[in-house]
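In the two complexes below, chain A is the common chain; its partner is chain B in one and chain C in the other.
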Partner chain A sequence: MGMFGKEKKACMQGPLLFGFHGGLQLQPNKRALQNSTDPITELEAPHELVIPLLDYNKNSIAPQVELNQHVNRGQLLAAGIIAPATGQVMAIEPRHIIHPETIKANAVVLEVDKASDNQSVHMANQANHDSTAWDTQLSAFLNMPDNVLQQSALYGLGGAGFPTASKLDAALGGIQTLIINAAECEPEIACDEALMQTEATHIARGIDALVQLTQCRHCLLAIEDSMPAAIDAMSAALKSINAQVKLTVIPTIYPTGAESSLIQTLTGRFIPHNEKPSDHGIVCFNVATAYALYQAIGGKALDSRVVSLGGSAMPNPLNVRVRFGSSVEAILLATGNASVINTARLRAGGPLSGFDLDTPQVPITAQTNALLAEPCITETPAQPCIRCGECSDVCPAKLLPQQLHWYAMSDDHEKCQQLNLDACIECGCCDLVCPASIKLTQSFRYAKSKAKHIAQHQQKTLDAEQRFALHEARVAKRKQEKAHAIEQRKQSLKARSKPQSDQIKAALERAKLSAKSKKPR
Partner chain B sequence: MNIIVDKHATGVKARSTQTIMLLVLLALAPGILSYTVFISPLVIFNIIFAVCSAIALEWFAVHLRGDNGLNSIKDGSIALAAALLALCVPPALPFWQLFIGVLIMVMLGKQVFGGIGHNPFNPAMVGYAALLVSFPQSMTFWFTAAEWSAMGMQKPPLLSLLNAKLSLDIIASTPNIQWDGLTQATPLEHARSLRLQSLPQSSTELNQRAFGSGWIQTSLGFLLGGVFLLYKKVIRWHIPVSVIGSFALLSLLFSTNSLSLPWSLLTGAMMLGAFFIATDPVSAASSRRAQLVFGTGIGALTFVIREFGGYPEGFAFAVLLMNLSVPLIDHIDLLMSQRA
Partner chain C sequence: MSTFGVIAVVALTIIVLIAMGALLSYLSRTGSEKHADPDAELIEAVNAVLPQTQCAQCGYPGCRPYAQAIIKNDEPINRCPPGGEQTIEQLSTLLGTPVLALDTSCGQQKPEQVAVIKEDICIGCTLCIVACPVDAIVGAAKLMHTVIADECTGCELCIPPCPVDCIDLIQPEQTAASWQWPKPAS
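Right after this comes the complex of A and B.
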C-alpha cells in the first residue's frame, strides 16, 4: 500500500470477497460518461476502414478477398476476420496499426458503401428487437454453438482480445465458476459501464447463454461499487430473465479488472501466471463479450465496439460505438474532437495499461477500449531507487519490482526469471507510487520482449543445431553406405577372382603338363 | 518518447524522494525543540553547521564524480543525514571534530558507494562511529542545561560556549566555565558506571536523574515525530516496533540495570534511532518481513552492547552491524518467499 492515502483500505468487503495483494484506489475519472447525456453515441462507419490481417498472436494471415472485390458486412476477409461494413476492397497493403511501437502490418483497405451499409444497420437493429425469436435462436445456438462462433468472429473485448471460441472450448470441459468481468477499474475507461446502462437486458441474455452453454455451477457478475447505475440496470435485467447469475459488487481497486486479481477477489484463489483459470475450473469473460455473444446468437457478427473518448485534453469526451477499422482520426473528427489531433498527446487504452500513439492514422481493433487526449508533458527523470519498498507493497502479482528493475536493466534474464518476471501483469501500480519516478513497468515490458526474442533465437539455434545434426547423420549414413558398398564390391570381386585364379592355375598346370609331355619329343 | 504509464492522467502524484526527506526533517522538529530547551541550545548550531558542511561536501564529491551536484543535494537526503548526526553527538563537540564526522559521513558513508540508494551503511551512523572511536573523550562529554540549574550554578552564556566549540580543546580554552562540577555523563552512562562498580543503584534516584537530565523530554519529542511519520506513512511500523519491541523484551528479561524500562527506552538514542535512523530505507532490509528481522537485530544488539559492551550507548554499532547483514537477510527472505 502506498503512502498517500489513496490506496485501498479494505481488502475484504462482505463475506464473499477475498481481495488481493496490493493495488491502488484511483479516481475513476470517467469523463466519457460524465459530460454527455447519452451513455453511448453510435457513429456511422467512416468512408474508409482499415482491417489489419493479423491473428490473435499478431501473426499475419492471408486475405481471402481480392482487390476491387465487393464485400458485404459480415463477410470473411480472412480466417477469423470479417468485414465490418459493406464496401469495396480498395487495397491490400501495409498500414500503420495500433501498437506501442509505430509499426505496419498488411491490411485490407475497405471503401465503405454508405447507402447499403446503412441498410445493413437498419436490418440488424430490426433483428435485434425481435424478442420472441430469442428463445429459438438460443436453443439453436446451444445445439450448434460452433456455427455461431465461427461466423461471428468473436474476440474478448476486455483488452486482451483473446478469441472467444478457444476460451469457450477450454470452458466446455466442465467448469465450476463462470465470472463475468464488469470491473473497469482503470480511470477514464467507461465503455463497459455505458454498455451496462444501455444494453442491460441484452447483456443478461448473453450471460444466460454462457451459463447454459458452459453448464457452470455458479456464475458471478462482478461490478465495481463506483457504478451504481450499471449495478441497478444489471440486477433488474438479470431478475427479469430469471438468470442464474449472482451479481457481486466489488470495491473499486485498480487492477481488479485484471483477470488474476478479479479471480482472487471473488474466489480467494491465486492462479499462478503459468496456469490457466480453466485449470482451476474457472473461466472469465468480459461483460462486453457477453453482449457480443448475444448479438452473435441473433445473427449479428462482432464488428464494432464501444470506445471511451476521454483524457483531460479531450474537448468533447463521450462513449462511441465504432466499427473496427475506423481510424482514430476519423473518430475524433466525427465527434468534434478534431482539435486534439495536433495539440495533444493521443493515447490508446487507459492511463496505465495503454500507450501513446505517434499517428492518429491507425485503425481501432477489438482491444481498443479507450482513446485519450492528454497534454504533452515532460516526464520527471528517474532518480536512484531509495529501496523504500512501496512498489512491492502495491504489486498485485506480489513481485519485487525494485529488484526486478535492477536485473531487467542489466539484462540478467536468469535472475528475472527467478524473480518471476513473467508473472508481472504490467499494471503500472509500481510506477505510480515510486518516489524516485523510476520507469519500472517500462523496463519489465522491455525485459519481457527481450526474453521472448532470446527464447525465439534459442529455438532457432536449437532448430538449426538439430537440422545440422540430422544433416551430419545423413552424411555419415551416406558415407557409411558408400563404404559398405565399396566393401561389398571388393568382397564380391574377390569372390569372383578366386575361381579365376584357380582357372589360371589349372591352365598353368595344364600348360606345364603339356610342356612336359612335349619335352620327350 | 512513448509514455508507458501515464501518471499524469491517473491523477496520482507519488511523493517524491525530496518530499519524503523534508517530511522526515519536519518530524524531527519537536525532538530538536525539546533538545534545545532541556539539554542544550548548542544543538541548533551543530545542526546548522553539519547540514551546511554536508551540503557543500556532497556537492563537491558529486561534482568530482562528474555529475550535477545540485541534483544530488536537492533530494535532501544529505541534509537529513547531517541533522541526524548532529543530534547524536554531544552538544559541546568542537566544530572541527564535527566537521570530520560530516566529512566521513559524506565521503565514506555515502559517496564512495555512488551516492543515494547505493550506500550499504547508514551514513549518519558511519560518521558517528568514526567520531566515537577517534575522539572518545569529547564524544562522551555531555552536560545538560537542567544539570547546571540543578547544581545551582549559572548557565554559562551561549556565546562563550560557542567560542569554546570553535577552539581545538573545549575544556582548556574555557577556564571560566566550571565543567568539573558536571557529571559529564548521560543517565545511561551513569547507571552503567554504577553497575560496573557494583555500587548500590537506587532506581528512584536514577529515574529522577534521567528526568532531570532532559533526555526523557527530548526522547518524547522524537517519539512524537515518529508517530507523525507513521501517520503520514512515510515510514512503516515494522522497523520501529521491532527495534523497540526486541530491546524492551530483552531488557525485561535480562537487564541488570536499575533504570526502569520506560526510562531506559527514553534515555539514550532509542527513540531517535528506532524512528529516524533505523528506518532509513536505503540501508535497511527491503521486504516488510525482512525489516522485522532487521529491526529485531538492532534492538537486540543495542541491548547487548549497552549491557555488556564498552560503550554506554550501542545504537550506532547495532545499526551498522545490521546494515552489514542486510544482503543476507534479503537473500534468505527471497528464498523463503520463493518457496512459499
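Right after this comes the complex of A and C.
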C-alpha cells in the first residue's frame, strides 16, 4: 500500500478528456530513467540469439533456414520472423521461451558473427543520419506499402505484439481517428518515454507515414502528464511534419494505456471487448511501432527494442536497446546487473501486467518491455473476501472481480461468461487494492486459459469424429468395391466355365479310372 | 399330378415370393423414409459425449457404434476407458440412468497420450496407416511415416500391426499454444 492513491477523479476531468471507469494513480517509479543521463544505451548483440518459431497465436511455424546456414541480419528465418543479427544457424531445436512457467518451443539458435554484425550497425547509423532521403522513401512507401510491411516483420510494440500489417489491413479505408499511444502508464516501464526523448523527429516521421497511409481525419498523440521531457520533444518534432497531429496530455492513471481505456479517455467511446476499434473508425498504434515503421521505410527491419531494466532490487537500472533473442541473463550481465541473477525475483514486463521468471536463460521478444528485479518475498496468503467492493470500483472493464473470482475458482465457465470474463484486460488493479490479498487476476488468467483449452479440445474431438466418419466411409467403399470385383470375377468365370468344366470332369474321370487300374492290389 | 400341374404350382410360388419380396422391400423403404429412426437424436447426443478416441476398447468399432449399442441394445454406459468417470457421469445425466464404475475389463483410463513413430526404424509398410481410425498418420509405401500429433487421439490401434515395433506412446508435450495458467491456491 502507499503505492497508489485513489483521489484521481479531481485531475481526470480535463476539458477535452472523458476518463474511464476505475483505474489507479500509481507512483510512476521509472527507475530506468531516473538514474542515468543517457535515456537509451545500445547493447551489442550477444554471442547467441535464440528466436522462437512461434506465430502471434503461439503456434509453431516451420523454419525457412537450415542448420549451419549463414544468415544476414534482416533475412527471413520463418514466415514473419527475421534474423536479428548476421550469423550462423547453430541449431533448430526446442528452447526455453520467456513465459510464466518454463516451457520450450522450437527455436532457431543463431551464433552472431560479431564483425559483420558491427558493420551492419554502422551502416544503419549512417542511413539514419541521411535525412534528405526521407521524402523519397516516404512516397515510395505510400505507393507500395505492402513491400515494406511484409519485409520488415512489423508487430506492435505495446505489449500484445499484434502484426502491424494485419492491423493496417483492417484499418485501411474507414478510419476517422488514429491514436498514437504513448501513455506508458505502468510503473517502472519507461521505454517509450526514453524513445520519445531521443528519437522524437523519427517518431514524428513514422506518425506522418501512418496518417498518410490510413488517410484518417484526426490523429491524436496521447502522452501522460508525468513525462514533461517527452512532451516537449514530441511537440517540437511534430512541427516538422506535414500531418496534423494533436498532442494530448492525459492524466497519469493506470491503466490508461490499455487500448480500451485510452480510446475511452480520448473519445468518450466505450468499445466492448468483442468489437474492434476499427469497427468504430478508430485505430491505435504504439509510439514505438510508429518509430519501427519509420525505420522499416528506411529499409531497416524490426529486430530490436528498448527494454526498461528496473525494480527495487536492480543495482543499475537503465533503458537498453537489445536485439530480439538476447537472453535475459546476457542483458543483465552486459549492464552491470549480474548480481540480481541469483539473489532477486526476476520479472518480465511491468509490476502489474508482467510475470515472474523461473530462469534468466530465456530470450526476450518484441513484447518484453521491461525486466524487473524485486526482492524475494514470501507472499501474503489470501484471506476470505470481506465484500468491500474495492475491486469493482477500480476495474477499468467494469467487472465484478469478487464474484468472477468465485466462479473462476469453482470452474463455472458459464457463469464466468455471463459476468463477462473475456472483457478482463488482466491489468491487476483489483489485486492491488484487495485488502484480503486475493489473487484475483491470476484466477482470471487461469479461467480464461482453461476456457480456451476446453474450446481447443472440443474442436479436436469434433475433428476426430469427422475424420473417423470419413475413414469409415472409405473403408466401407473399398470393401464394397472388393466384393463387387470378386462377384464380377465369379460371374465371368461361371460364364466361360461350362465347356471347361465338362472337359475337367472328363479329365477327372479319366484320372480316376487310370488310378483304379494302376492301384496295386 | 400332371407336369402342367407341377409347373403351375412352381410358377405360382415364385410369383407369390416375388410379390412378397417387393412388398417387404417397399414397406421397409417407406418405413425408413417416413419415420426416421426415433433414436437418431439420442444416439447423436450420446456420441457427442463420447471422447472420439475411436479406440474400440468398448468392444465396438468406434464411438458412434458404441453410442448406437447403448441406445439400441441397452449396452451399459461404463465401457469407455478413455472417457472414464467424467463420460460415465455425463452419460448417466443424459440418459437418466445410474452412475456405474468403469468396467475395467474394457481397459483402464490413462492420461492423455499421442503416438510417435521412431522415424529411423520405420520401414514404410503402411500397416499403421490402415489401422489408424482417424487418419492421423501420413506416409507412402516404403517411405517413412509420421504421426500428426495434433490429430492423434492416442487410441493405440496402430501399435500391434507395426512389424518393427517403432511406434511409442508419449504424453503430449506442453506447448506455448496449449499452456494454461495454473489455478491460484484457494
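Keep in mind that, in the parts below, the second predicted complex is superposed on the first by the 449 of 521 C-alpha atoms of A that agree within 3 Å, B and C clash if a C-alpha of one lies under 4 Å from a C-alpha of the other, contacts with A are read in each partner's own complex, and residues count from 1 in each chain.
Please note the rule applied: contacts are C-beta pairs under 8 Å (C-beta built on N, C-alpha and C of every residue); 3 or more make two chains touch, one makes a residue touch a chain.
None of the values given here were measured: they were computed from a predicted structure.
By the touch criterion stated above, A:Ser437 is placed in contact with chain B alone, chain C being left untouched. Of the two partner chains placed by the overlay, chain B and chain C both lie in contact with A:Pro100. With both structures placed on the common chain, the touch criterion links A:Arg445 to chain B and to chain C. Applying the stated contact rule after C-alpha superposition, one finds that A:Ala483 touches neither chain B nor chain C.
Using the contact criterion defined above for the overlaid structures, shared-chain residue A:Asp463 touches chain C, although it does not reach chain B.
Of the two partner chains, chain C is the only one touched by A:Leu54; chain B is not. In the superposition on chain A, A:Gly311 makes contact with chain B only, while chain C stays out of contact range.
In the superposed model, A:Pro187 lies in contact with chain B only, and not with chain C.
When the two complexes are superposed on chain A, the residues of chain A that touch both chain B and chain C are 100-101, 439, 442, 445.
Within the complex formed with chain A, the chain B residues making contact are 1-17, 19-20, 75, 77, 115-118, 232-234, 236, 281-282, 284, 286-288, 291, 334, 337-338.
On the chain A side of its complex with chain B, the touching residues are 1-6, 24, 26-27, 29, 100-101, 187-188, 311-312, 345, 347, 350-352, 354-356, 358, 372, 374-375, 377, 379-380, 383-390, 392-393, 398, 400, 402-403, 418-419, 428, 431-437, 439, 441-442, 445. Residues 52, 54, 57-60, 97, 99-101, 103, 105, 381-382, 409, 439, 442-443, 445-446, 448-450, 452-453, 456, 460-465, 467-472 of chain A are the ones that touch chain C when the two sit in their complex.
The part of chain C that touches chain A in the complex is made up of residues 47, 51-54, 62-64, 132-136, 150-151, 153, 174-186.
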